[in-house]
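Same chain, two partners: subunit A is paired with subunit B first, then with subunit C.
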Partner chain A sequence: MTYSSFFVSEFLVLWRRKQDVFNALLFFIIVVALFPIGINSSPDFLAPAAAGIVWCAAVLAILMAVESIFKEDYLDGSLEQLVVSGLSLPLLILLKVAAQWLVVVLPLLVIIPLLSEMLYLPSSGFWVLIMTLIVGTPSLFFIGVIGAALTVSIKQGAMLVMLLILPFYLPVIIFSTLAVKATQSGLPYSGLLAMLLAMSLLSLVISPFMTAIVVKASVN
Partner chain B sequence: MQSSASLTISDLWIERGERDLCKGLSFSVQPGEVVRILGENGAGKSSLLKIIAGVLSPLEGKILYSGEDVTLDRTSLQQDAIYLGHSVGVKGLLTVAENLRWYCPDISISILYSVLTQLDLIDLVDVLVKKLSAGQARRVALARLWLTKKTLWLLDEPFASLDVGGVALLEERIQQHVLLGGLVILTTHQDLMSITPHDVVLLS
Partner chain C sequence: MSWAWFHKLGSPKWFFSWSKPWALPLFCFGCLSLLIGLVWGLVFAPADYQQGNSFRIIYIHVPVAMLAQSCYLALGAAGFVFLVWQMKMAPVFIKAMAPIGAVMSLVALVSGAIWGKPTWGTWWVWDARLTSVLVLFFLYMGIIALQNSLEDQVLANKAAAVISVVGLINLPVIKYSVVLLETLHQGPTFTLTKKPEMPAEMWLPLLFAVIGLYCFVAGVVLWRMQSEILMSEHRSSWVKQEVTKHGF
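And now, the complex of A and B:
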């Protein structure tokens, strides 16, 4: 096993499970679409709330995708093979998260122009929203995999993962929606984006190592 | 393949769920040797293999590989070893060929196909592994023994769900490997036909 062959096989598996990714995307669209229908469809309500709506839906979709990231590998024994491969486990986990992030977040970004139009998000806010998603979602994945690894050996772990990691998602949601709101009211937003980037970088440094430790504890 | 590799286990203490599986276990494996681990169900055979492979850690004791202490960092042993556990580690959503390419990316097509022919898997090259039977999936996992040049083989119940032909093939392959100076540690409840192993008994 090499790092590149692992990365390629991860993409192959994700491609074969494309309906799961599609489900997460569909879920995201449905949640966003329900807000104008369920609460208020006037621009006065939707324009300020748009970033919050998109981010909440994105967090839920990402939670769905991340929660089961190790499940299949655990059941068929390939997670054990990663541990004994002699390659660096944190690096393998980093590659796995990177593959998952690309496959989940890119379709999300593609669909967002349509949804932000539906939510009357002004174009200045739109670009900031895209930036917060690119900069902020990596930290959601990195935090999420720790929880997924912790609960991989438990049969009904999905709810537990959410309880474990949702509190750590709150700062990311708060800073992202604040950044979009700041632009909408003409305030500088770069500081908030920098905070998001800092959180992503911090979790990038910590999470692969913590996840590796947890995976080792979970496989036996 | 290094022919001078050797594995020494000294004074190993394995604990699983508050229960001592073995204490003060010592043995060594020399090049060209097959070690069979015997013991009742639950005696700790799989745990012992997992500890050597680096999935678990021993409570006490030392593991030396080629004279190097690998108890704390098993990397150098892992880079020279194949571990096959109860769940075989082939992905159901990849085909037979893709699974083997994942483990052995530098292998040439012709070698891959000749090994798959030997193992009777050649007609299934492009079939998803989840559609195969348990025995066929195990053959896919075992194909790594033909495709890689690792010295130390740690095989946990390698004969499980194999048919008679498969068992004979695997025994022949183990013998070839041992003749070239390889090290094999396996657990099995089956009698070995052509191999005379060195037995290590775990008492419970």
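And now, the complex of A and C:
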């Protein structure tokens, strides 16, 4: 097993489970749909709230996807094989997260134009929203994967992961929605995008190592 | 400087015998100082010229809020110590400290809400500091929940240490982001009525209360750690000796 073959196989395993990919996407869409139905469907409310709604839904969909990233590997023993494979465990985790990111976030980006029409997002904010999603979601994955590793040995761990990890997602949501709001009032937003990128890079540096510590403790 | 004392802290037995004489005096001193601060602050300190008597809740609110933050700092430090030096006492400390921190942040939120009603006219504002204490409360509850749901003790210790360290790294980011949220939002602005330069008879009781609460918590944490040690080491011979000699 090499790093590249590991990445390709991880990606293919995720991609060929079409139903799971669709489920995450459908979950995302239905959470978005809850807001106009539940709160207010007028453009006056939705246009300024659109970015926040999309981000809240994305956070939940991503966390649901990340939560089970190690579950199957843990149950069938392949997580143990990763630990003893002789390859660097943090790097393997990084590749695993990257594969998951591609499979979850790319379909999400494809559906965004449709949703932003439905939420009356002004066109000035559209590309910024796309950019925040591209730059900000890696940190969601990297932080979430720590939670997934922490709870991998617990049978019903989804709720616990939500409780553990959602507080860490607040800054990402705040920076992203502020960036979109800034364009709507004509303010510069590059600083907020830079903050999002900084958070993604920080979590990229820390998370694989932290996750590796927990994975090693979980499998022995 | 010798680091032997630091490494000795890794041994439950040594830690137990070292901390035993400290818990009670710290606790008693803390109670006394807290009592002095509270009685002085609540009864004798002059009323605020703007807020009247309602400001007196500061003598509860401020010490508790300070503790809520310091406890997390201590948790993160203990988590780091455990991940780097595998010190056995660090997870015991985290386990003893996390519920206290959760209670402190909850009391800070509740007392802040009670203070907010007469001064701001509302129980809750989505203000930077309130929001960050709320997040802090969730972080504490997460640690407690994680420790309770993991059966394997070794894994539970490591997990609590990891999440404490990750939390400590993220806390400044969370704090900074909610400040940004507040300052960009020009919603209904509630500002704390500018306090006059506090005279000594107002801040001295506060100082007593803060120091008292710190000592109180230190004493309680030592006790909790000692009972945790006794429970986890109940098979070892020194615990048997300890219990038969001194009783509980």
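In this section, the second predicted complex is superposed on the first by the 219 of 220 C-alpha atoms of A that agree within 3 Å, B and C clash if a C-alpha of one lies under 4 Å from a C-alpha of the other, contacts with A are read in each partner's own complex, and residues count from 1 in each chain.
Everything that follows uses one rule, which is that contacts are C-beta pairs under 8 Å (C-beta built on N, C-alpha and C of every residue); 3 or more make two chains touch, one makes a residue touch a chain.
Everything numeric here is computed off the predicted structure, so don't read it as measured data.
With the C-alpha superposition on subunit A as described, subunit C and subunit B fit side by side in the combined arrangement.
By the touch criterion defined above, A:Leu114 lies against neither subunit B nor subunit C after alignment on the C-alpha atoms of chain A.
For the combined model, the angle formed at the CA centre of subunit A by lines to the CA centres of subunit B and subunit C equals 90 degrees after rounding to the nearest 10. In the superposed model, A:Thr151 lies in contact with subunit C only, and not with subunit B.
Contacts of A:Leu160 after superposition: subunit C is touched, whereas subunit B is not reached. Of the two partner chains, subunit C is the only one touched by A:Met199; subunit B is not. Look at A:Leu34: by the touch rule set out above, it reaches neither subunit B nor subunit C. With chain A fitted onto itself, subunit B and subunit C come no nearer than 7 Å, counting C-alpha atoms only. Common to the subunit B and subunit C contact sets on subunit A is no residue at all. Residues 50, 53-56, 74-81, 83, 85-94, 98, 101-105, 128 of subunit B touch subunit A in their complex.
Those residues of subunit A whose C-beta lies close enough to touch subunit C in the complex are 143, 146, 150-151, 153-154, 157, 160, 163-164, 166-168, 170-171, 174-175, 178, 181, 199, 202, 206, 210, 213-214, 217-218. Against subunit B, in their complex, subunit A makes its touches with residues 1-2, 4-6, 8-9, 12-13, 16-17, 72-73, 75-78, 80-81, 83-86, 216, 219-220.
The part of subunit C that touches subunit A in the complex is made up of residues 83, 135, 138-139, 141-142, 145-146, 149-152, 154-155, 158-159, 162-163, 165-167, 169-170, 173-174, 176-178, 180-181, 184.
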